[in-house]
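My questions will all concern the structure given below.
Labels run A, B, C and D following the written order; every chain starts at residue 1.
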Amino acid sequence: MSDTATSAVDIKAQSRGQNLRFYGIWVIAAIVLIVLPMIFSSGGSLTSFSLIGISIIFALSYNILLGQTGLLSFGHAVHYGLGGFLAIHAMNAVIARGWSIPLPLIPLVGGVGGLAIAIVVGWVITKRAGTVFAMISLGIGELVASSSLILRSVFGGESGVTTNRTDLPQVFGWNFGPQIQIYYLIAFWLMISAIAMYALTRTPLGRICNAVRDNPERVEFIGYDPHVVRYLAYCFAGFFAGIAGGLSAINFEIANSAYLGAVQSGIVLFATFIGGTAYFFGPILGAILVTYLQLGLTSVTTVWQLYFGVIFIGIVMFAPGGIAGLLMMHRPLVRAGSLGLMIPAYLIALVPTVALACGVILAIEIIARQHLPADAQIINLLGIPFSATSPATWLTSVILIVGGYFVARLTWQRIADAWDRATTIARDRGYLA
Amino acid sequence: MRKLILAAAVALLPGLGSSAFAQETIKLGYIDPLSGGGASVGEGGLKTFQYLADEINAKGGILGHKVEIIPLDNKTNPQESLIQAQKAIDSGARYITQGNGSAVAAALEDFVTKQNSRNPGKEVLYFNYAAVDPSLTNDKCSFWHFRWDAGSDIKMEALTNYMKGVPAIKKVYLINQDYSFGQSVRSDARKMLNAKRPDVEIVGDELHPLLKVTDFSPYIAKIKASGADSVVTGNWGQDFALLLKAAADAGLKVNWYTYYAGGAGGPTAIKQTGLDHQVFQISEGIPNSGNQSAMDFEKAFRAKANMSLWYPRAVNQMRMFKAAAEKANSIDPVKVAAALEGMEFDVLDGGKGTMRKDDHQFFQPIYISSFGSRNDKEPFDEENTGWGWRPVSKIDTAQTTVPTTCKMKRP
Amino acid sequence: MSAAIEVQAVEKRFGNVRIIQDLNLSVAKGERHAVIGPNGAGKSTTFNLISGHIAPTSGEIRLNGEVISGLRPFEINRRGLSRSFQVTNVFARMTVWENVRCAVLWATGHRYAFWKNVDELPEVRRRTAEILEDIHLFHRRDIPAGLLTYAEQRELEIGITIAGGADVILLDEPTAGMSHAETERAVALIRRLTEGRTLVIVEHDMSVVFGLADRISVLVYGRVIASGTPEEIRGNPKVKEAYLGEEAH
Amino acid sequence: MLELIVISTLNGVLFGMLLFLLSSGLTVIFSMMGVLNFAHASFYMLGAFFGYQLTRWIGFWPALIIAPLLVGVVGMAVERYGLRATHKHGHVAELLLTFGLAFAIEEIVSMIWGKSPMDYRVPALLDFPAFTIFSTNYPAYKLFMLTVSVLIFLALLVVLKRTRIGLIVQAALTHPNMVAHLGHNVGRIFMLVFGVGSALAGVAGVIAGPALVTQSDMAALLGPILFVVIVFGGLGSLPGAFIASLVIGLVQTFAVALNGSLASAFGPLDPSLGPSVLSDIWNVTIAQIAPILPYVLLVLILIVRPLGLMGTRET
């Protein structure tokens, strides 16, 4: 086993290979971003893609704190919001003064806004980590959000500040009125920001952030001040959140206090954590999923918040690595070729688990409808209409929950067994420690 | 990977993936909170509009087109409202309506103005049924925005015209929420009272944070100390309920002139405090108005929707929409808008109203009513409290007119 | 030649409890110095005081002649002192490779750099690989540190401590909990890695202490009762009475 | 003026004691388990709603006993089936779990009881003015709230000083690592502590419900203030939480009572300057900024004393 002779050269070759694959992924991502609106060209999908793009940048910036430095912030929207406000004011100033700054540069102004507030408040906030950091960030978030309603001349009260993005100097004949042009602008900044944030993880600072996350005490004994590391990470997170806020300001042409609020901070936490904080692509998955749920779930059910809460609790308890963590758990199995063992177990478990989920959804919807008049008592689940007042529906729900749970438990056991076998094979073949 | 997920997402997105353009029905996007804290209010509005759409459809629709209400949840968030408005447009709606939150209204008004200038031929009209910020029909006014609710300045004009004739009012205390609406109530009250009743003393003028105060007793102590006989407040929701509760606890005996005592939870709070006919409301219609056709409508509506008619203006709005479309003989938003300008209309509770061409503000008779125990001419109670609204005064349309600074840009 | 570490009249109180009283200790440059003493004598506290983990209540600590008492640990580390921990204290979620590399970064001058690709720093890569080979963990470089065996984690602990190239090394019970064979290997490792540097070591295993140390200090109840070469300590009656005698019970 | 001071002091102390009822439970839970329970305000809300429902069924006085017990049971269930499983993933995961829980509880409550305020009334027995001070009535119910809060405060003191569990809790407050060595019954003690902490929040809910508004957003309104209190007082410090509760209660009530602004102190700004940040700040009254004062205090204390008022512990 001892192959010390191959050492450094080997490592170098290995990282070359990784680099190639790495550039490949970015090129593919860029192509997908370019082609996407050609396949789905309806106004609705363009709106959704734009929002998803913004929330990906926002979630990635949040993960600089949560995933990479281990800082749980409840006030990240402060940077997003102030970036948005600065961008709006910059746009209005450009229009009023006739400066020749084109729209595509405005997100950078947003980034500077987010960075500026991070530089100011970050030093105090990052003095402490862990729970105290979380609480202080919550307090600062509330403070800024409430102050924004008092400082009307800057924040425009609760109606906010508006602008008209088409009045800015035009570049390559684009006036940025149509959503498709905004989509490409967001896609452009998404690529730039994602590459930059990925690159950040590969720098000395990025690695030390991980060390601070894992063991801030020990970091002090290898020459680093964890406070400075946290502060720098906080500034970067603020900068990229500001870019997302600036893009949002361009997209909506309005900035208001809702940008800064606890809801926005909560959503980005949801997205990042559900996606998975341990891998760079986790927040991307999370942002896509949560934005999609926000857009889609709200028109299906009025209690979408409850589903959000339940999904979130489920992820915290059973899959703290998030979706990305679940996916990456299977990587050694794929390499070892033992994934095939898992698939039948998953497929069998799918049926009772879905039944259980349907039962729970049915139960929630029955309760949610008790205050509504008779004509709103129809629950449409998987295309089947159920009447919320009918005992048959209650019975169905109970049967699905109880029956689904007991059958599902058996199948989950099967998954656990299959998992043991599959990982044993992977371990034997040396793909798993 | 990412592409696959996106593809699946878009395919699944309800209402976003498809853009079926069926012009058989007139789609009206209803953009208001249907989840979260404001949901009870938003759901009430939705029921009202669905009832009104059914009423129109039962009579053959508008020019033969059925009216369909598309409920869209905006969570009282301006950005979310813009997304929902886009969603409505994508699903073929050319008309949207909204009421809760002047911040949302301002965002939507700005949105339709830009949308219509960038997409000629696909104009969208915005019917505002409850956002009362005066700026919506003044400096921010838009050709594509029509308001059926009385702006807060109009309501204050009506209220002060009523107070002019009540000599018992001598010392007035103003307490309002610290945001644009509360501030305009406060400044209008000062201005108009000074002009119409210079003898009335304003003994206090308070702004408190919006929806953040859990205990109003310090404020009540101040009101009590000031010796006020009347309080004017634009407070709504818990800010109203808590204010009244604290007042009753401290034994404060004053008359309350309010904008939103009738809002969800308001009547319950008043009944709890036992302030019988001491709480007054300014509104464009009340259940016990005495107007037979309005009371018949109220009865039918309550039977079907299981709530009282919070928004008589919504009735005016939908009926006027139909009348304007028929007058223009078209359901094209541009033509309907032109027909609405300056249109006169018989409102639900009786009397004439008019949609002013200058700023697209609807002017109508305004009622001052008080809440308390009922007599036999008042069949309707509120929120099962047993108490109901009693008309105190009717202010005619002419007495509610305020000037506008709007410089309307017409297409 | 001034001493590498000079502890003068240091006292540490927690509330009313005096953990360390009038502590005096001098370690010459290039010396291998062992600190021994019964449990609760304040050995780890002494390390915590020297490395800046806790600040002394009074007294003075010098590193190469410069006063370091009251400085933060990273400031002391940057002046050339590095320590290990009695309880394994590595970066559990990061790979072995990254654990060592992080410890190399400050010393190679990359500090908080956010404009350099960490994989493209030849100096860092070379030193990391060297240290991993030194501590026999090169073949385990891609394993998260939390998944290593106990003995491997102890070795990694030493690796992280020496990686920054500090010339004063403090090792807190590096062989605790190791089997006999593992201990021998570790001692050889320590001997090789600290060649030419100053070493202070806290150790319970007397064969390790007497085999490795040039000088030994005996700490009892927060006070140094004897200091000298292994032979002097062996023959010191105070030590026999207070420490070895006690252990004989 | 004297009237305002007396009334504001009474109200401030009352609000402060209510905050302390909540923050004491939160502090004890935090000290024992290292978990900052984000859903603590949600338990307060559950207390109010259970209290409301039970009052309608069996009357206020039984509800005052039963509702907190029910909340305590819910709390214990959360600890047993939620937090215990999450513990191995660290404190951030536990905090996130309670964060999700706060979300879910709010929605469940509004699903069951709707979103409008409940008609939760002061019991008839206490629905009279206790005394009149400067022509202002002080309601008996508020006096009752004050009494209950003080009694619970005293009871808490006795339990902490005189009982075995109290000693363990106290030990945990000062030496958090010690609880790890308590032996086999540590799980049960955690569950009990979490249950008692939740039940305390439940008591606060039952008695505050009729005085304030019982509505599904009441947790979200109070939650942030609660965290300010315990961070301000110093995480894990019971005396700190007590002082911070009173300080924040008094500051908020007095700020409301004062009408001062920079404009009233130094005269209005030159109107020709037009609206600006300066004029916003110049004209804002202390009453207007009352709700953000706790956050300002929080930031200030963290600059001066990063561990909080009485805090001694790093995390």
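Of note:
Methods note: contacts are C-beta pairs under 8 Å (C-beta built on N, C-alpha and C of every residue); 3 or more make two chains touch, one makes a residue touch a chain.
Predicted, not measured: the structure shown is a model, and the values here were computed from it.
Of all chains in the assembly, those touching chain A and also chain B are D. Interface comparison, A-D versus B-D: the pair with the greater number of contacting C-beta pairs is A-D.
Taking the mean Cα position of each chain as its centre, B sits at the greatest distance from chain C. Computed from the mean C-alpha positions, the centre of chain A lies at a distance of 31 Å from the centre of chain D. Averaged C-alpha coordinates put the centre of chain B at 73 Å from the centre of chain C. If you average the Cα atoms of chain C and of chain D, the two centres end up 47 Å apart. Work out the mean CA point of chain B and of chain D, and you get 35 Å between them.
Each of residues 146, 150, 303, 305 in chain A touches at least two other chains. Among the residues of chain C, none is in touch with two or more other chains. Residue positions of chain D with contacts to 2 or more other chains are 114, 288, 291.
Per the contact rule defined earlier, chains pair up in contact as A-B, A-C, A-D, B-D.
Chain contact summary for the complex, chain B toward chain D: residues 37, 39-40, 178, 206-209, 211-215, 217-222, 224-225, 238, 241-242, 245, 249-251, 264-265, 268-269, 272. Of all residues in chain D, those touching chain B in their complex are 3-4, 7-8, 11, 14-15, 110, 114-117, 119, 121, 129, 132, 134-139, 141-142, 211-213, 215-217, 221-222, 253, 256-257, 285, 287-288, 290-291. For chain B in complex with chain A, the residues that touch the partner chain are 2-3, 5-7, 9-10, 12-19, 34-36, 39, 43, 47, 71-73, 75, 77-79, 82-83, 86-87, 89-91, 101-103, 106-107, 110-111, 114, 118, 133, 135, 178-180, 209-210, 212, 305-306. On the side of chain A, the complex with chain D involves touching residues 70, 72, 124, 127-132, 134-136, 138-140, 142-143, 146-147, 150-154, 262, 266, 269, 273, 303, 305-306, 308-310, 312-313, 316-317, 320, 364, 367-368, 370-371. Looking at the complex, you find that chain A touches chain B at residues 29, 32, 36, 39-40, 42-45, 47-49, 51-52, 146, 149-150, 157-160, 162, 164, 166, 177-178, 248, 252-254, 256, 258-259, 263, 284-285, 288-289, 292, 295-296, 298-300, 302-305, 372-373.
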